[in-house]
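This is the structure I have questions about; it appears just below.
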Amino acid sequence: MKKNPLKVVIIGAGSSYTPELIEGMLARKNEMTISELWLVDIDDGWHKAMTIKSLTERMVKHAGVDMKIHLTKDRQQALKNADFICSQFRVGCLEGRIRDETISLKHGMIGQETNGLGGFANACRTIPVALEICREIEQLCPKAWLLNFTNPSGMVTEAILKQTNVNVVGLCNVPVTMQKGAAKIIGCNEDELVMQIAGLNHLVWATEIIHDGENKLPQVLDAVLAGDNSMVPQNIPAFGWPTKLVRDIGLIPCAYLRYYYQSQDMLDDEVIEMKEHKLGCRAEVVKDIERKLFEIYENPQLNVKPKELELRGGQYYSEAACELMSAIHNDKRTIMHVNTRNNGAIAGLPDDCAVEVSSIITSAGPKPLNVAPLPVDVLRLIQLMKEFETLTVKAAIDGDFSAALRALVLNPIVPTGKILEKALEETIMANSCYMPQFSSLIQELKKNN
Amino acid sequence: MKKNPLKVVIIGAGSSYTPELIEGMLARKNEMTISELWLVDIDDGWHKAMTIKSLTERMVKHAGVDMKIHLTKDRQQALKNADFICSQFRVGCLEGRIRDETISLKHGMIGQETNGLGGFANACRTIPVALEICREIEQLCPKAWLLNFTNPSGMVTEAILKQTNVNVVGLCNVPVTMQKGAAKIIGCNEDELVMQIAGLNHLVWATEIIHDGENKLPQVLDAVLAGDNSMVPQNIPAFGWPTKLVRDIGLIPCAYLRYYYQSQDMLDDEVIEMKEHKLGCRAEVVKDIERKLFEIYENPQLNVKPKELELRGGQYYSEAACELMSAIHNDKRTIMHVNTRNNGAIAGLPDDCAVEVSSIITSAGPKPLNVAPLPVDVLRLIQLMKEFETLTVKAAIDGDFSAALRALVLNPIVPTGKILEKALEETIMANSCYMPQFSSLIQELKKNN
Amino acid sequence: MKKNPLKVVIIGAGSSYTPELIEGMLARKNEMTISELWLVDIDDGWHKAMTIKSLTERMVKHAGVDMKIHLTKDRQQALKNADFICSQFRVGCLEGRIRDETISLKHGMIGQETNGLGGFANACRTIPVALEICREIEQLCPKAWLLNFTNPSGMVTEAILKQTNVNVVGLCNVPVTMQKGAAKIIGCNEDELVMQIAGLNHLVWATEIIHDGENKLPQVLDAVLAGDNSMVPQNIPAFGWPTKLVRDIGLIPCAYLRYYYQSQDMLDDEVIEMKEHKLGCRAEVVKDIERKLFEIYENPQLNVKPKELELRGGQYYSEAACELMSAIHNDKRTIMHVNTRNNGAIAGLPDDCAVEVSSIITSAGPKPLNVAPLPVDVLRLIQLMKEFETLTVKAAIDGDFSAALRALVLNPIVPTGKILEKALEETIMANSCYMPQFSSLIQELKKNN
Amino acid sequence: MKKNPLKVVIIGAGSSYTPELIEGMLARKNEMTISELWLVDIDDGWHKAMTIKSLTERMVKHAGVDMKIHLTKDRQQALKNADFICSQFRVGCLEGRIRDETISLKHGMIGQETNGLGGFANACRTIPVALEICREIEQLCPKAWLLNFTNPSGMVTEAILKQTNVNVVGLCNVPVTMQKGAAKIIGCNEDELVMQIAGLNHLVWATEIIHDGENKLPQVLDAVLAGDNSMVPQNIPAFGWPTKLVRDIGLIPCAYLRYYYQSQDMLDDEVIEMKEHKLGCRAEVVKDIERKLFEIYENPQLNVKPKELELRGGQYYSEAACELMSAIHNDKRTIMHVNTRNNGAIAGLPDDCAVEVSSIITSAGPKPLNVAPLPVDVLRLIQLMKEFETLTVKAAIDGDFSAALRALVLNPIVPTGKILEKALEETIMANSCYMPQFSSLIQELKKNN
């Protein structure tokens, strides 16, 4: 079947990750013809976005591809008749993340972008904007596919699935990294493996790694427990798992499972890191990396993705996103690991929630593989965290403080009681301009202070 | 990866279907190298098996393939280190099926090879033999794949899954035919479709037919309800569905759903057919076709599969079987429709039962796609019939008359009460030499008469 | 706690059963003070209702009770501030039932008042009227309890539960009879037993019969299978169960399970009965009994419930209804067998459906006992029939012919195919004045004929 | 029915709670005739047990009851033909509990007798002994009822349910206290309420409080959130709930839910308490109370239960235990709140696990009321903690260190990582003489140190 040339939109184009995406699109120039690429950003990100636009134009030219690059603040113009939309914006920029993590740590809680109090705050800033974009997609390009890698990716995807009719797929580089790492450990090409993963975004396990007719998961797990960090994203420092625990579970946990299996260690590390780094916590580190990256991007000689970007931690996002675009466009039926509607794939979770599961990608989007019954303790943790996500999404949409408390009380990395209410109020106040849904609470709190 | 040449075994090689299988293997000579093909049969089928052996040798020679053909009654010799085993034997031959259908019709019941009282009888004759073969496979070639198309394929597969460690996949030409028919209706190549099916063997619905980014099932359903019979196997005469019923359900039923949606019509047709045909019921017709086919096979000039075989009704079995062999051998990851362990693919059924579902075929066998929630009435029928199957398998293994009654009482095409007990006893007596598991009941019944 | 005197309403007061109800109320004069009893009926039943009113006044006077009796056609006046409403009306009178059963038998189907095509027709006549009454209850006496024994009691209760806010409990004399029979078999008082039943109305099994610290169900089952008919309502002729089947299931089926376990026998019996009786089928027999009962009721000397009423078949309805009234009024916490919202009592059925289960009766109505997991074949039959009921209720409310077909196709006592569509259309046409919800279909059918 | 006189056994008779039990039995002298009461204890508790025996004899005499009191170390003699066994032993005495809580607090974890690391240790000490007793019961009095209030009551009951055939019911004074408190808040007698509770031992919510035809739970919840502590056991100091959180959940949590809803506050309080009390943590306080109680018990004038016992914290245990005995003995069918086999009462938990639910008590033991669907976050917490319990029971029986880690990692009040493994090893070493199941681990750890 002959395919039409594509119109692709990147929302939050000023992100330092964008060159990854461009590289991925250019690498697939023979699989899909992108005639128009629209870069969208807002005033806050405009300077960065212009830098990205120039770099993109140089990269496109260098690749000898005929693709028109637009940069605009007019999102609706960009979305009109789009085929694919990549969403990678960050409401409140890195400052928001820094604030979240600082408040968490101040109250003795783990600070994290997609989990705990920080994940909650991020969801509350982000979900209303994501839904606003989706309302526009429903009007302007209802058949388009939205590839979301805006964090917290799982909860954003869930909100969109439940509240809109948009064709959305949530993406993450964590399972991609796991598959590449497993291939490295086995000593084969990545595409020789059928790796199945299951869980939620940042709460995912590899459940089977088929190679040459056999499930090689046990031997990969041996390597992982012996200290092989190949399956861990590069932005996470090397670490060791609690061997007896993980071996007994018998699945390979993604790196973020450390927040559940090694919660005290993670908290201790964060406290030390905050003290040692002048810059403060992880978010500060990221901000510093970002600044340096943009200095590199501004080099007018640069016409490919610079190597330094790989240190940023999000490598393989682009690969996942561009491969997904091509797989849908070309009905490739490759197996990818995505966030999509559960529909029974993981038994014990609601049909209408978002799960992160291995799926074949067809021209009509992802079709999840069935997930065989999980160990009960693994399932229980997934069920618990899914309810955290569901209540967080509710709080993020309705500005429901009680739902927020119910969410956070369930989350195992969040201490509960007076300190939680205090830290939650502080978080909402610190984000007052990004969380209009909580306006009546904010006014009440202002009055009381 | 370099692949070793394969040893393939066909059990029940004297079947008139065998030339289909041979054709399928020869058509895939570039995908898989079969160095040894072992044809196995018993005394009863020996004459036919010798005819098949000769024809096979002529076909192999004509195709210019280097494949050694063995014919033996020594099953264990054949199984030793086999890679793939095709199981297509029929215990009690066609005479068994004829007896089953005659007894059913005599008592006013639908006579059918895989359902109702006939299906029960067939299961009781077949499952003990299938399990005996599987015990040998566990010893002689534990890593081999058993491709079962011995009927009743769903129950045989379930028995093997529950009782043995054999790698088994159950096959049927019904979903293959549905996919080919849907492609014809849409006007595209079969492989441009992602059709998903779900249910049990001979109790299956197409739930989605993706083509070019859209679910074309509604338009295919329109064609089917307007009388297009493309999705119906050729051995089933053209027929029309109850339009309002099927449109409202919104899925495309396989042809065998007529036994549930048009039970009285099916019974009436069978009664008429029995009266009109001198030969009696469908099984008699099949026997006649068989006789003619073997006359053709014996022609020493014949060195390809004869066209007449297609009238026999099982076309596409070979395609399914050979494609499955190649898909496993080559880790093709194509989507096929197979009988395999449920494991949650269809919510509401036990994890350990056999279901017929669309699966991707890997080097480690089928991995089912998740089945999105089915309409409740469809699910209820599947659940009911799965319990019929489970109890039938129990009766077939243990010779449990009470389990047999419990099975048949659930089956909607079986009238219950005195007539059922009578017909069931008559069936067991008529099969006394093939159902040793019921020996104590048989002796008791003999004594009472 | 001091209790107010009660206002009780009987809808369909002209029923021959009413004297049972009156007797039950008078027998509980020390437990509950009924100051007003409102008898409601329509023109069609007016003559009978007047007979009932006179008899009631004589019975009340004879019992020395101070209860005011009103007879009215003004249902709203009667309902105003009522405490309890007994619903026992019959839309289309016995003629409707006779028509249903005649049409069914004519097409070779079992004719039955609460199941199959007859049950479907009954539901379609009755549910719209029941919902109309409930709308009035919501307005005029929202806290009242509606005790429904209008058939088909299970489906009427389900419709009310799903569509209204009325406090409804569905009643049936079948489980009451089973408990009395079990006590007789064991040789103890009825209230010494804790018998648990579970299922749907007319599709119910006793699952446990506790007496003196032990489950006596096995010995009761032995007696039942040996021919003891104590657990069978008197209007059902003595019969024997298929022993091996029922013993293996291990629960005690209610008499109506014969329609599933002995379907052909039931049909054969009905055909014979129809031929032998001049009066035709069961409904005709009932009509004859009714006529004779009213002759007795008209006797001005009669001031108690006449013995002849017990032959009518509904004995113990009154006991169930009056005991339920008293149990709610007095917060008795006795265990009764009622139709109420499932809410998980029977796992595998929707929370919001009606089930027939043993419940403790509190001042806030029935609280079901948990039902331990049922044998799978029993559960499958319940699930199937619940979906028949759900689709029937949908058809009855919306006049949805497709839902009707989907319902009936699931029902194991209904043959499917052309004959079903024909019989269904004939049934709707024969009931055209009672099924306004099907008016567009009726017009269409009239045009075509 | 005439009842035989009963033989009752108390295991761990030297407990300071025993006089409560005796009082309860004497108060029910007209409901059940106890002819023999056997007090069982071991050497460690012998002195206390003798004190209890004397006090019991004085109480029995004072009550004018003819009951023979035996004190023995020969458990088997005591169990022979017993009717009821009350189990209230404590392996390792209070010292064990003190050690548990000290180790927990040292590592920054909440110290608690039935939850977290302390609950785990308690389970590992207790379950093997409980199972040993049950093996004797199976032999010596297989029809007896074991009323277990040995902590951790839920896990001990679960172990017995899964591993033995003993008729066991687990008891706790928490729900009893809730019911009494609710009655006080409403201003009625306790038995005028039908309160339903659901969850696990020490993880239970009141879900409905019926009084006079209405669910009064909302008004009781208002009172609780306004600071009414009537529903909290007396040994727990008055406290306030996080109002917005609990009101939004809409159920009334038992006091132990503070460990989940106010985890940091509980930990902070414990740390402060440990510092302030010379005696250390809660267990030390209890030990002090115990000492004082026994001084009182030794007073030869004392012939009733002394008031001071009520401060001990377990009040109403005796009431629950004796009422349960009488309810079973007399087939009372009263509603009690007990730990028993789930069997589907709480959907989403395994059938074979122990749950704490409101049940009617028959002569054959408790029959749970169905639990209507719980709020999802409540269910998720129950499911999580049930899996903690299941894995803890596994570890306690098999001495499985990996299962222990998997259990504790799930528990929300336990921090994970290096500190957990360290604290767990320390706990096992400190209990080495009470945890023979971990002997190989203990030897390994000894070798490494």
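Going by the order they are written in, the chains are A, B, C and D; count residues from 1 in each one.
The working rule: a residue touches a chain if its C-beta (ideal position, glycine included) is under 8 Å from a C-beta of that chain, and two chains touch if they have at least 3 such contacts.
Listed by chain with UniProt protein names: A, B, C, D = 6-phospho-beta-glucosidase.
Just so it is clear, the structure is predicted and the values come from calculations on it, not from any experiment.
Enquirer: Both chain A and chain B are touched by which chains?
Expert: Common neighbours, chain A/chain B: none found.
Enquirer: Where the contacts of chain A and chain D overlap, which chains show up?
Expert: Correct list: empty, since no chain touches both.
Enquirer: Would you identify the chain whose Cα-based centre sits farthest away from the centre of chain D?
Expert: B
Enquirer: For chain A and chain C, let me know how many angstrom lie between their CA-based centres, rounded off.
Expert: 57
Enquirer: Averaging over Cα atoms per chain, report the distance between chain B and chain C in Å.
Expert: That pair's centroid distance is 45 Å.
Enquirer: Using the touch rule from the top of the page, what residues of chain B touch 2 or more other chains?
Expert: none
Enquirer: Determine which chains touch and list them pairwise.
Expert: So, checking each combination of chains, I get A-B, A-D, B-C, C-D as the touching pairs.
Enquirer: Given the complex with chain C, which residues does chain D contribute to the contact?
Expert: 1, 143, 192, 194, 196, 210-215, 328, 331, 333-335, 343-345, 347, 351, 357, 360, 362-364, 367-373
Enquirer: Spell out the residues on chain B that touch chain C in their complex, using ranges where they run on.
Expert: That would be residues 108, 242, 244-245, 247-249, 260-267, 348, 376-377, 380-381, 383-384, 387, 390-391, 401-403, 405-406, 409-410, 412, 415-421 of chain B.
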